[in-house]
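In the two complexes that follow, chain A is the common piece, with chain B as its partner first and chain C second.
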Partner chain A sequence: MKFVTREQLKTWLDSLVESEYDVVAPRDVDGKVLYRPIGSAEEVLFDYERPDLSAKGCFFPATEVLLRVEQQGSRVTQEEVLPDRQQVIFGLRPCDAHGAAVIDALFLQEDPPDAYYRHHRERTTLVGLACPQMWEGCFCTSVGGAPDDATHLDVLLREVEGGYAVEAVTEKGEAILEGLTLEEREQKPGFSGKTRFLETVPVTEPEKWRPLFEDKIWMRHGERCLSCRICTYVCPTCRCFDVVDRVTGVRGGVTHIERIRVWDACTSPNYRRAAGGHNSRPTKPDRLRNRFYCKFCYYPEDFGPLGCVGCGRCVVSCPVDIDIREVMQDVAAAAE
Partner chain B sequence: MNESITAEIRDKARELLDSEQVDCVIGYEASARDGARPAFIYDPVDVDRLVWNEHCVHNLVTYLHDKKKPQRRGEEPQRVAIVVKPCDSRAVNVLLAEQQIARERIYVIGMACEGMKDAKGESQERCIRCADRVPVIYDVLIGNPPTVDPPPEDYADLAEVEALPPNERLAFWLRQFDRCIRCYACRQVCPGCYCTTCMFERDDGLWIDAGIELEQKHMFHLGRALHLAGRCVECNECERVCPMDLPLSLLNRMLTREVEALFGHRAGREEELSPLLFELGEDGSPM
Partner chain C sequence: MATNANPMKPYLGKLVGIKDIATNHKLFQIELTEPEGQVAFADYKPGQFIFLSAYGAGEAPFGITSTPARSPDFVEVAVNDLGHVTHALHGMEEGNPVGVRGPLGNWFPMDEVKGKDVVILGAGIGGAPLRPVVHTILDNRADYGHTTILWAARAPDLLVFTDEFDDWGSAPDTEFHVTIDREHPDWSGNVGLITNLLEQVNPPSGENVVTIACGPPIAIHFITLTLLKLGYTLDRMLTTLEARMHCGIGKCGRCNMGEKFICSDGPVFWQNEIAEFLESDV
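Now for the complex of A and B:
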């Protein structure tokens, strides 16, 4: 295996920061662990659990300017704003890379691909760090992932005695590692033995969801839902958005307008509100049901992958204990 | 779990449902993760799901807004029994004063409360500060209130922030708001936030646009706090549910303190409107 020490990684990260890359890594932000841009390797957390938010904002920003428009009388000019910075996400957990692959199925594999998303993804290199164990709420192994899954990463690091085992997964990964001196070691990377795999969460096939649309499961779990957006915003695969225009100023007779794309959430009451005020998902259970159907029925049927990577963030952050694992168990039982 | 109190809640719920005095009992059920979570009971056979323990943190009054409209057109809205702690009960008073709920449609199961703990077993900040042991409004009181000396009103943490020079105080708050993800959990959980269309979620973006950026988050949080001035019952649910740990109670308590100092009003202690809420007459003066 290829081996590197933490100090060597830090030196390499600092050199990346100095070069043309934006480097994003897990940081302690007032007690929260968040993937954030770094100015120096000193800010990077190496021993962390699961960052509190996924990394999807790095290629699907919560707010993104799509167009800048200037209007003066009847004259309108438009300028497309496409991202051009190269970025490296360091310390990405495998579930978050898996989440990116899930979003790719919609934004990249469908024709036409989403130009903005594609620009971000093409310019992003994913350097993952395997989880030494599974965390509270995690169930990646039930939905096709693993704490050391390299599949959707460009580079996978695994903590080993004295440093990290380095595996370049893609050509992009090999390219980013060029500045790093790797030592060849005999030892094989493996789990330190700390890994515990939590009980398996059952995944019910999409076609078996169809008859359960009116099941009492949705009332039972959905009635206490607050219709907030926590679960969808912490989720590495939720990718719904809204597009709105905003006036950013009027200067010298010219109106400056931005067309922005912002995150949206199907759990939100006005998500399904149509012209005229009709709402086809007027109640909390209607909306919560959609979230689960999207993940395990609609998305796999329409785009391929499951819409869940088992990161467990929605489990630990729901203020009223709506637990996706419990819902999946109830669905499996009802589908029997 | 407190078994005798749990049994009393179940008995009362069964009685209310059996006698068809109410259609639904909103209380707490066991939760493997959090100890307790909100539960909606419609059938007397389900009342044994109800529990009472030290993790009943949620302010259930927010769910009364879901019961204002009938389930089906032409029907009457449901009559609801609701389990409330002292802090929650103040929200019932606020909603009564604001004519959001009808007293005769609500049966209030008041709980004597010694304070609640989070899932880790630590007392919640709001409970450490709170001296209320008995709800301000109830139809039945369950549990025996412990007699305790009320703790002195403690605004030490607030004073720390207020002592900062204005530019540093702004920097403190912007740093907090920066973490916000605009998930609206603070608004959704609040019994006092029930506008049909939130002014911060208007399609026309009149006050702030839909962007999830510092400018909008700053505006949202200050607006949210101000709209609750004189209406916030200090249940602190907004802070509890915040996934980014924003110290929202500092804003709420500052306004609570100001409103009390200026108007002698503490939200929900009585069934009366916030002095900051009034109608303007035709000549522009308060009616």
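Now for the complex of A and C:
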């Protein structure tokens, strides 16, 4: 295996920061661990659990300007704001790379591709760091992932005695590793095997969800939902969005407008409210059901991958303990 | 669509005509001012929709209510002043700039309907996306069979395209019936819901008849039930759906009905397709 020390990684990260790359890595932000841009390798966390938010904001920002528009009388100019910065995400957990691959299935592979997302993704290199164990609420191994899964990464790092094992997964990964001196070692990287929370959650095939649409499961779990939307906010695969205009100022007779895309949530009460007042999902169970069906029935049927990577963030974030693993177990039991 | 295209970027356009067509309802005529936009809108189909931008207020989806044959120089939409974007549009004047994305979605299969009798049911502003169907039939009259148009609104002042009623009603092999929901001092015609009118007119059902309906979800729901009662079958009923969508290209998630997206799988569906959706409110 290829080996590198933490100090060597830091030197390399600092050289990336100095180069054309924006470097994003897990940082401590007021007690939360978040993937954030860094100014120096000193800010990077190496020993962390699961960041509190996924990395989807690196390709699909929570708020993103799509167009800058200037209007003066009957004259309008509009400029697309397409990202052009090269970006490296360091320390990405494999479930978050998996989450990006899930969104790719819709935003890249389904025609027409999303121009903004594509620009971000093509300019991003994913340097993952395997989880040394599974964390509270995690179940990646039940939905096709693993704590040390390299599949959706460009580079996978695994912690070993005295440093990290380095595996270049893609050509992009090999390119980003130029400039990092790797030592060849005989030893093989092993998974530490601490599986404190490792558990198996049953995944029910999409067609077996269909007869359960009117099942009491949705009332039972949905009635205590607070419509707070935190589950969609922390989710690496939730990708609903709204588009709004914002007037940023009027200068010299020119109105400056930004058209902005913002994250949206199908669990929000007004999500399906139309002009005139009709709401086709008026209750919390209606909306909760839609979220679960999207992940386990609609998304895999329409676009291929499951809409869940088992990161467990919604499990630990829900203020009323709605637990996706319990829902999956209930669905599996009802589908028997 | 070219790989490099950005489907979220509108074509620029300007309002070349604004007409009051009912209380709080205006017809907007939009000229595409860029060559790319003119090419994109050279051959749109009945049932397709656009996103119309009132820059600064936002954009919203509207069913196209014109045909390229009748208005080669502009695209028309009918807008009810109900929300943020529609209100901004209602405040605009001729010459004002707008943005247009589209044409989006599928369309009424007018070729499949050729040779068949047609029953068109438009409730309220739901009549807007059916006007291109009416125009297509009237402009190619020999291609289609007997056509029955049933038109409805809550009140007389909410009926849309009243200036075309005479034209529609006097076309060959075409009948036109209109109703309003409740008695009104200015109204001496039919009173009652569109479903009552449908039962009263009772256009013959059969293998060779296609129905095309649009209106609020509750109206589509009861129109479908009434059609079933009158002997029509779901696989010969067309409808067009809408939702408060944000992209129009199957990405934003807003408009799903179960596993289908109104924007990219529709907006036009046969009722037997809708019957298979896990989720539907029509």
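The definition used in the following text is that the second predicted complex is superposed on the first by the 332 of 336 C-alpha atoms of A that agree within 3 Å, B and C clash if a C-alpha of one lies under 4 Å from a C-alpha of the other, contacts with A are read in each partner's own complex, and residues count from 1 in each chain.
Definition applied: a contact is a pair of C-beta atoms (placed from the backbone, for glycine too) under 8 Å apart; a residue touches a chain by one contact, two chains touch by 3 or more.
This is a predicted model, so every value here is computed, not measured.
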{"item": "Fit-or-clash call for chain B and chain C when the two complexes are aligned on chain A", "value": "fit"}
{"item": "Partner touching more residues of chain A, whether chain B or chain C", "value": "C"}
{"item": "Touching partner for A:A333 - first (chain B), second (chain C), both, neither", "value": "neither"}
{"item": "Chain B, chain C and vertex chain A (Cα centres) - angle in steps of 10°", "value": "80"}
{"item": "Touching partner for A:R75 - first (chain B), second (chain C), both, neither", "value": "second"}
{"item": "Partner chain(s) touched by A:D114 [first = chain B, second = chain C, both, neither]", "value": "second"}
{"item": "Touched partner set for A:A175, first chain B, second chain C, both or neither", "value": "neither"}
{"item": "First, second, both or neither for A:V244, with chain B first and chain C second", "value": "both"}
{"item": "Which of chain B and chain C A:F213 touches, first, second, both or neither", "value": "second"}
{"item": "Overlay on chain A, chain C to chain B nearest C-alpha distance, Å", "value": "5"}
{"item": "Overlap of the chain B and chain C footprints on chain A, listed as residue numbers", "value": "242, 244"}
{"item": "Contact set on chain A toward chain C in their complex", "value": "66-67, 69, 71, 74-76, 78, 80, 82, 106-107, 110-116, 210, 213, 239-245, 247, 255, 257, 259, 261, 264, 266, 271-276, 278, 280, 290, 293-294, 297-298, 301-302"}
{"item": "Complex interface listing, chain C residues touching chain A", "value": "1, 3-10, 12, 14, 53, 55-59, 80, 82-83, 86, 95-97, 99, 216-218, 242-244, 246-247, 249-254, 256-259, 278-279, 281"}
{"item": "Chain A - residues contacting chain B, complex", "value": "29-32, 34, 52-53, 62-63, 223-224, 226-230, 233-234, 242, 244, 246, 260, 262-263, 265, 268, 270, 283-284, 315, 317, 319-321, 323"}
{"item": "Contacting residues of chain B [partner chain A, same complex]", "value": "31, 33-34, 37-40, 58, 62-63, 66, 175-176, 179, 181-185, 187-189, 197, 201, 205, 209-213, 237, 240-241, 243-245"}
